[in-house]
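Which chain is which? They are A, B, C, D and E, in the order written, and residues in each are numbered from 1.
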Amino acid sequence: MTVEVSELRVHYRTLRGSVQALDGASLEVGDGEVMGVVGESGCGKSTLGKSLIRMDGRMRHVGGSVRLGGEELPIADDRAMQRFRYHEVSLIPQYAMSAMNPTRRIGRMIRELLESRGVRYAEVRRELERRLELVGLGADVLKRFPIELSGGMKQRVVLVLSTLRDPSLLIADEATSALDVANQRAVAEALVQFRDRGFIGSMLFITHDLALVAQLADTVTVMYAGRSAESAPTSELLRRPRHPYTRMLLSAVPEVGTTIDESRQEGIPGSPPALLDPPSGCRFKDRCPLAFEQCATRPPFIEVASGHRVACWKAE
Amino acid sequence: MLTLDRVSKVYRVGTFGTQPLNAVRDVSLTVPPGVVVSLIGESGSGKSTIGRMVLRLTPVTSGAIAFDGRDVAGLSGHRARKGYYRHVQGVFQDPFSSFNPIFPVDRVFDMLRGAYFPGLSDTEWRASVRRGTERVGLDPGQVLGRYPHQLSGGQLQRLLIARALTLDIRLLVADEIISMLDASTRIDVLNLLGDLRAEGLGILFVTHDLALGTYVSDTTVILRRGAVAEMGPTRQVYASPRHPYTRGLLASVPRMHRTWADADAELDSAAGPCPVHSGPGTAGPVEVGPDHFVGCFSDDACPE
Amino acid sequence: MGRYLGRKAVLYALTFFVAVTVNWMIPRFMPGDPVQSMLGRASVSDPQARAAMEDHYARLFGLDVPLWKQYLGFWGSLFQGDLGTSVWLFPTPVTEVLLDAVPYSLVLLLPAILLSWVAGNRFGAFAARSRWLDNTALPLSYLLTATPYMWLGVLLAWGLGVVAGWFPATGAYSFALTPAFTWAFLSDAFAHWVLPFLSLFLVAFGGWAIGMRNLIIYELEADYSAYLRALGAPRRLVRRYAFRNAMLPQITGLALQLGTIVAGSLLTEVVFAYPGLGSLILEALNNRDFFLLQGAFLFIVIGVLIANLVVDVLYVVVDPRTRIQMQGGA
Amino acid sequence: GGYPRAQTLYTSGTQWGPPSTWNPLAKSQYATGTVGYVYEPLFLYDPMKDEYRPWLAEEGEWTGEDTYSLTLRDGIEWSDGEAFTAEDVAYTVELGQIDAVPYSNLWDWLEGVEVVDERELEFTFSEPRRQEWANWLYNEAIVPEHVWSERSDGEVVDSPNEDPVGTGPYAYESHGQDRMVWAKRDGWWATEQLDLEVKPEYIVDIVNSTNDAALTMLTQGEIDLSNNFLPGIDRTLESSPEITSYYDEPPYMLSANTTWLVPNTEREPMDDPEFRRALAHAVDPQAIADGPYGGIVAPADPTGLLPAWEQYIDQDLVEDQGFSHAPEEARSILEDAGYSENADGMFTTPDGDPIALELIVPSGWTDWMEAADIVAESAAEAGIDLTVEFPDDAALQDARATGDFDLLFNNERQISNTPWTYYDYMFRLPVQEQQTTVNFGRYENEEAWELTEELARVDVEDTERTAELTSRLQEIHFEEMPIIPLWYNGLWSQVNESVWTNWPSDASGTPHWFPTTWRNYNQMGAVLTLTEIEPVSG
Amino acid sequence: MSLDTAAASGEGQGPSGRRGRDDLRFALRNPKLLAGGTVLAVLLLTGLVGPAFTGGAPNAYVGPQYAPPSGDHWFGTTSFGQDVFTQFVHGLRATFTVGALGGGIAWVLGMAVGFLGGYRGGLLDEFLNMLTNIVLVLPAMVVLIIAAAYLEARGLLVQSLFIGLTTWPWAARAIRAQTFTLAGREFVDLARLSGRRPWRIILREVAPNMYSYLVMSFILLFGGAVLIAAGLDFIGLGPTEGVSLGLMMHHSVAWGALHLGTWWWFVPPGVGITAVVGSLYIANVGLDEVFNPRLREL
């Protein structure tokens, strides 16, 4: 099912005022598509992910909407969202290492979770074991405690558990960041495989690793300071980035094998704006080499080529 | 300048320290001036332990670490240690926890003053701190006097390097100094390291990220379970990795312009037998090319 | 697991050794002479007759040999379960005196400890449920833990005992009864038990409630709770998990608090003239009966150590983390 | 099974720990009533009438200067059915040969005992200490030879004697942590021979936990007779009609012993009789009786002799030389003796040294602690600098025994058949390194000690000679003031009459025995109280 | 009071957050801290200046016996005619003294052992840990009863000392754990690399980072010391001279106040202790909420 996030604005309440962590994020994920969401730390990636499934007490939905297969998700209404969670929208958290109750055997925890959501464990048991096998785990992990598994195994168990109800939308927030490269690859490939087999509808793959996105995402959304900056099919984005931020971000990532002596790469000068009281207009303007007067107004997030949207006055 | 000769580290863990844990095994390497040596390996492979041993934060179990030919472990007494730290300094992974959160960032400088520059007047000292800060590309007015949480990770890491530069250091141990940073700031810090190298600083650069390892380093050391799997000039190790472990690592690194499947295919072609056991059968790594050493394939591909 | 428990056992053995040694030392290096105090009560006025008796008893209690011999002898007889003879209740062996008193203390302590633990934990978990509850229940619990055991005892004895007359305020059972398995006796013993139990229970209850409340908040913020909630698990399940996990530190807490509660029970027994170890210790003190005092102390220490060991074992059983770490896994 | 309330007497105030021995020789330990209820002495001494009541003995008589002959009652049986004979008495006396037996000093002046026949014995003395002998005769209980002779010397003293076989009206029923229960026994000899019958079927003696608990139980009718010291009892006595004591007005209680202020006569300036006399005039016992005691004790006679010895108090002497609270008098005594006041109005010694005395009282003995404060205050009034210290009891006992103190309170001597016990305490010589029972002030006066020794030898019937000697002793006391009598401690005794009535009181028509269960008081007739009380519902 | 809880909640001090100022702001808004602090301050003030106002010795007989509270004697009088209020005020002072001294001694010991063990690690740590555990398992109160029973002179100081000597372990344990994590932090390594001496590092780098935690330990130790002292006093093992709230209870019960219905004699000391300790505890939760962001918004 397609997911449409339009102009989503979610703020954090703090003593010092509201942090405008998400202030006009838009994206569209087609059915069966994996969308990578990238951006600097603090640009609101996790906030976006959380907003789509469960907002915590300090988050406030200020505006914008989320549609899942045409139906509006009641993201601000904790109770109404309950119906969608897990069955429709699911999550692989970054903290997979600690996502499972440390004192319950994994199988039992899964059973209790499923039954509390009205699913008979016995009915899905076989499927569960099959999927575990798909990610290279034996059924015996169900009899173990989380602490008995390595990080990569835990991440995979969480992957299987989160997708067991075949959710239409899966949010994977930094799902592989804590793993070493070999495990990262295994989990990422498993995710793609699950999508291919139809266990997962669409997927938002949140990460700060552009190279990883390049490996598995169909489309990419680049976020900056709570807003979508650019969104395009992966190869398009890598080859023809339109937003100056995207371009600078790409040029700051050295490829394996390049050395400083061959090609010195440069970072983005300055740092992202504080979201407590962000500047008006384009939020990137202070760091942007192309900035001009018009940047004082907020650039719209418009389509500049098929499936390629950019929020920049200078992007053609 | 810095040489490690068959250095091993055994941690004692478990009840009453009864269980030995071989964190580092027989590692030998050198860091000459103006050279960046990267230590690369997965989590727990002993990278940090090596760094800490060089910094004398952890005692060596066996083997010798020498700086300018003087045994580092033999430096006894507060004075000798102070003398060592004048030339050898470290920067660590987490910029936030490298600063005492409740004091302004200047404190990292001030700590040095007491030990190394007791004679300096306030103005002289402030000037030297400013100079150091500017040298790492920071605006002293913007960073000094601030609290750690008010600065970005990149700024903090640079401050820490600046701190080290206040002394006349010749060797910097950089332990994963970029892994907590954003892509865009990483490159700045790496560039800074490159500049320092050009000024003749020797750097022991610890990382688990291969892509970044290649960017600055001259020599790459791939560690596996505490032992050297492969070691050689960076270019060569990446171009023709001999150890299956190195190859596996390279194949798993996500790259922007090449898929995993392609990488697998490419790397598969370069396979070969364990040079240690097919060759002279010594215990240590075997030289397979100019300055290119490969350790025993151990466990998976090697009978041993 | 074996190694972990082995380590614990070594610790407890050492503790026991230290306890015994300290226990042996204190009375011997402090003023006061048990024989004198024993004879102080005998109305023997003639100095010579008294001197003869002193000799006799000093020999009897083994106080006439060098200290190191006394110390070794102390260990020797300890291993034979012989804690010496009570001075105050001469010639009853200390062990016998203690065994007579211990049931009373246990009857008071065990329910108080266990019930307060269970109820306090439940209440604490319950209080963490809402802000309002939290803001009322929490200060109350704090006041309860801040209440000195004996004062609560005094208040209860006065309010419910003397003024209201609902419960007898002293003793373990009516003097008109002899212990027997009859309804009359049991209900009477129960009525006597209520107030001392209550004062122990309430104070401990407050402590557990607070502990649980803090822990459960901590657990509810833990990653696994967040994950469960994100997957739409009902509050009930999340709370159940949080509660269960919060119980684990409370188990260790139980071991740590045992000493305090035992001390509290001593005070309570004194207030209610309940014939347990507390009353015994007080009397032993007043009568300089250092054999009895040592015995009582050892009894308590051994009790606390055993309880600790039980808790330790229990902990290993209920918390897979410790168990697996001990097997050298993960 | 239970003990029917109407037939059971509940007592408390004697047993301070679970009953642990029923051995009458374990004088400090034996369960309340072991002597009196089970074991009985040869005579009872009634201090109210100063009269000896033949008990197991039928009569006793000094047949010569150094010989005493004793006749036993006929037809007394031990509770196991064996006959009570002269052998038992001789055996009991012989036990004194064992060092650890409390009356081992008997054999210092007793030479031998001879069984004449079943009921007759003859005692020969190396030194006929008649008062002390009388004391022995009523104080010590006779034990059955047929049971005890099987025991070793050690066992005689240390055996708990769990199954006591006695001649008395009660038998062991049961005991627990907090109680001792006696049951009435059939076939007590006195029922037949003296027409005496103890009324309670059961006596439950309650182990004291605290006086407070006893007070609660007394007012709730759970205790019939409480011999606890119950502070504030005066208020209860006034407000609750069912709770009574011997007198119905202050001091409510009979007197049991005297509390003295004991100066250490080895220390300056307490070595000066004048100073001690001044001190005696300085203290204010009335304030103590009214203050901390709320009137339940009475200030002592200047002689300190208990009311029971009233006949021996030389009133003229008291009139003449006695003392009372008179700070001015105290000052003038001091001035006359060469002491002088310093700038603060405090006295210094004739040598000009400052005087700073310390009165020690065991910590926790609240009434005494309060009393000590009063003493300090009144001493200050008379210009004597006196501070109060509350060391731990054990520490105090050490200090007391070794003479390492200035002043302390003491009340070691109870009421007895003779003022000899009183003066024995005051004047006993020689002073030893450790003074554990008597003469803590280490006062040395050969004359007084000789008089005391002589008093010991006077026949108890010879009241005239006794009075003569005591009068002389009182004179020395007043002149030298080795101890300063303060107040009479009560024979704490309060009863709740809701179950048992006809308790001893000073009213006419009531019995006049001591209403107490304290040790050694049964021998003074307290046991007879049990034959007098009446159940309310009966 | 569960100590583990404190340990568990104390650990959440990340380097993030705008510490100092924020803390103050939270502190001023925290009702628990305010309420606890106010009660405590009032009591402390009463204990400090009260004796000067009530005048006279606490044990002096100043009035009628058994007088119920009235204008003359706010809290009534004892069975001796002592003014309960005067005693109460002096007792409060003693209570604070014992708390501060006993708690303080335990605190210092706990810190010494905790810092040393946590920072140095190794055999020394093993040993200290062992010691800590031993003292921890021994029931402090019982040890104190035994020790106090044999003490010749019992005063506030000795009592505090003994309490301090027996109650430090849990603080040491908690401080050790904290130190252990902090000592692993990189700024400590950096301080080492800066040629600092261990004790300076502990005092200047490690300790300031746990100040909230140290404050809370002190509070808990203070409260514990007060309660233990009250317990000892109550069974008659308190200071042999002077007044304390525990001794007041002891005397009131010993002199039959319970039965005689002179509630004004035994209620105030208990209320005093409960108020002191309770307000401390409640202020402590307040502090915890202030210092520990996790608890802030709940």
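In this text, a contact is a pair of C-beta atoms (placed from the backbone, for glycine too) under 8 Å apart; a residue touches a chain by one contact, two chains touch by 3 or more.
By chain, UniProt protein names: A, B = ABC transporter ATP-binding protein; C, E = ABC transporter permease.
Predicted, not measured: the structure shown is a model, and the values here were computed from it.
Q: Among all other chains, pick the one whose mean CA position is farthest from the mean CA position of subunit D.
A: The most distant chain relative to subunit D turns out to be A.
Q: Looking only at C-beta pairs in contact, point me to the busier pair out of A-C and A-B.
A: Result: the pair with more contacts is A-B.
Q: What whole-number Å value describes the gap between the mean CA coordinates of subunit B and subunit C?
A: Those two chain centres are 55 Å apart.
Q: Report, in whole Å, the distance between the mean C-alpha point of subunit B and the mean C-alpha point of subunit E.
A: The separation of the two C-alpha centroids amounts to 48 Å.
Q: How many angstrom lie between the centres of subunit C and subunit D, each centre taken as the mean Cα position?
A: Their C-alpha centroids are separated by 40 Å.
Q: What parts of subunit E, by residue number, touch at least two of the other chains?
A: As it turns out, subunit E has residues touching two or more other chains at 149-152, 253, 258-259.
Q: At least two other chains touched by the same residue of subunit B: list those residues.
A: Where subunit B meets two or more other chains at a single residue, that happens at 16.
Q: Quick one: which bits of subunit D touch subunit E in the complex? Just the residue numbers, please.
A: Residue positions touching the partner: 210-212, 215-216, 219, 230-233, 235-236, 291-292, 294, 363-364, 366, 370, 373, 389-392, 394-395.
Q: Quick check: in the complex, which residue numbers of subunit B touch subunit A?
A: 42-43, 152, 154, 182-188, 190-191, 194, 208, 210-212, 214-217, 234-235, 238-239, 248-250, 252-257, 259-260
Q: Quick one: in the complex, what on subunit A touches subunit C?
A: Residue list for subunit A touching subunit C: 53-54, 56, 81-82, 84-87, 90-91, 93, 95, 98-105, 112-113, 116-117, 145, 147-150, 158, 162.
Q: Can you list the subunit C residues touching subunit E in their complex?
A: Touch list, subunit C to subunit E: 11-12, 14-15, 18-19, 22-23, 26-27, 30-32, 131, 134-135, 138-139, 142-143, 145-152, 154-155, 157-158, 162-163, 169, 207-208, 210-211, 214-215, 217-218, 221, 249-250, 252-253, 256-260, 262-264, 266-267, 270-271, 281-282, 285, 293, 297, 300-301, 304-305, 308.
Q: Residue numbers of subunit E touching subunit D in their complex, please.
A: 59, 61, 65-66, 79-81, 149-154, 236, 240-241, 251, 253-256, 258-260
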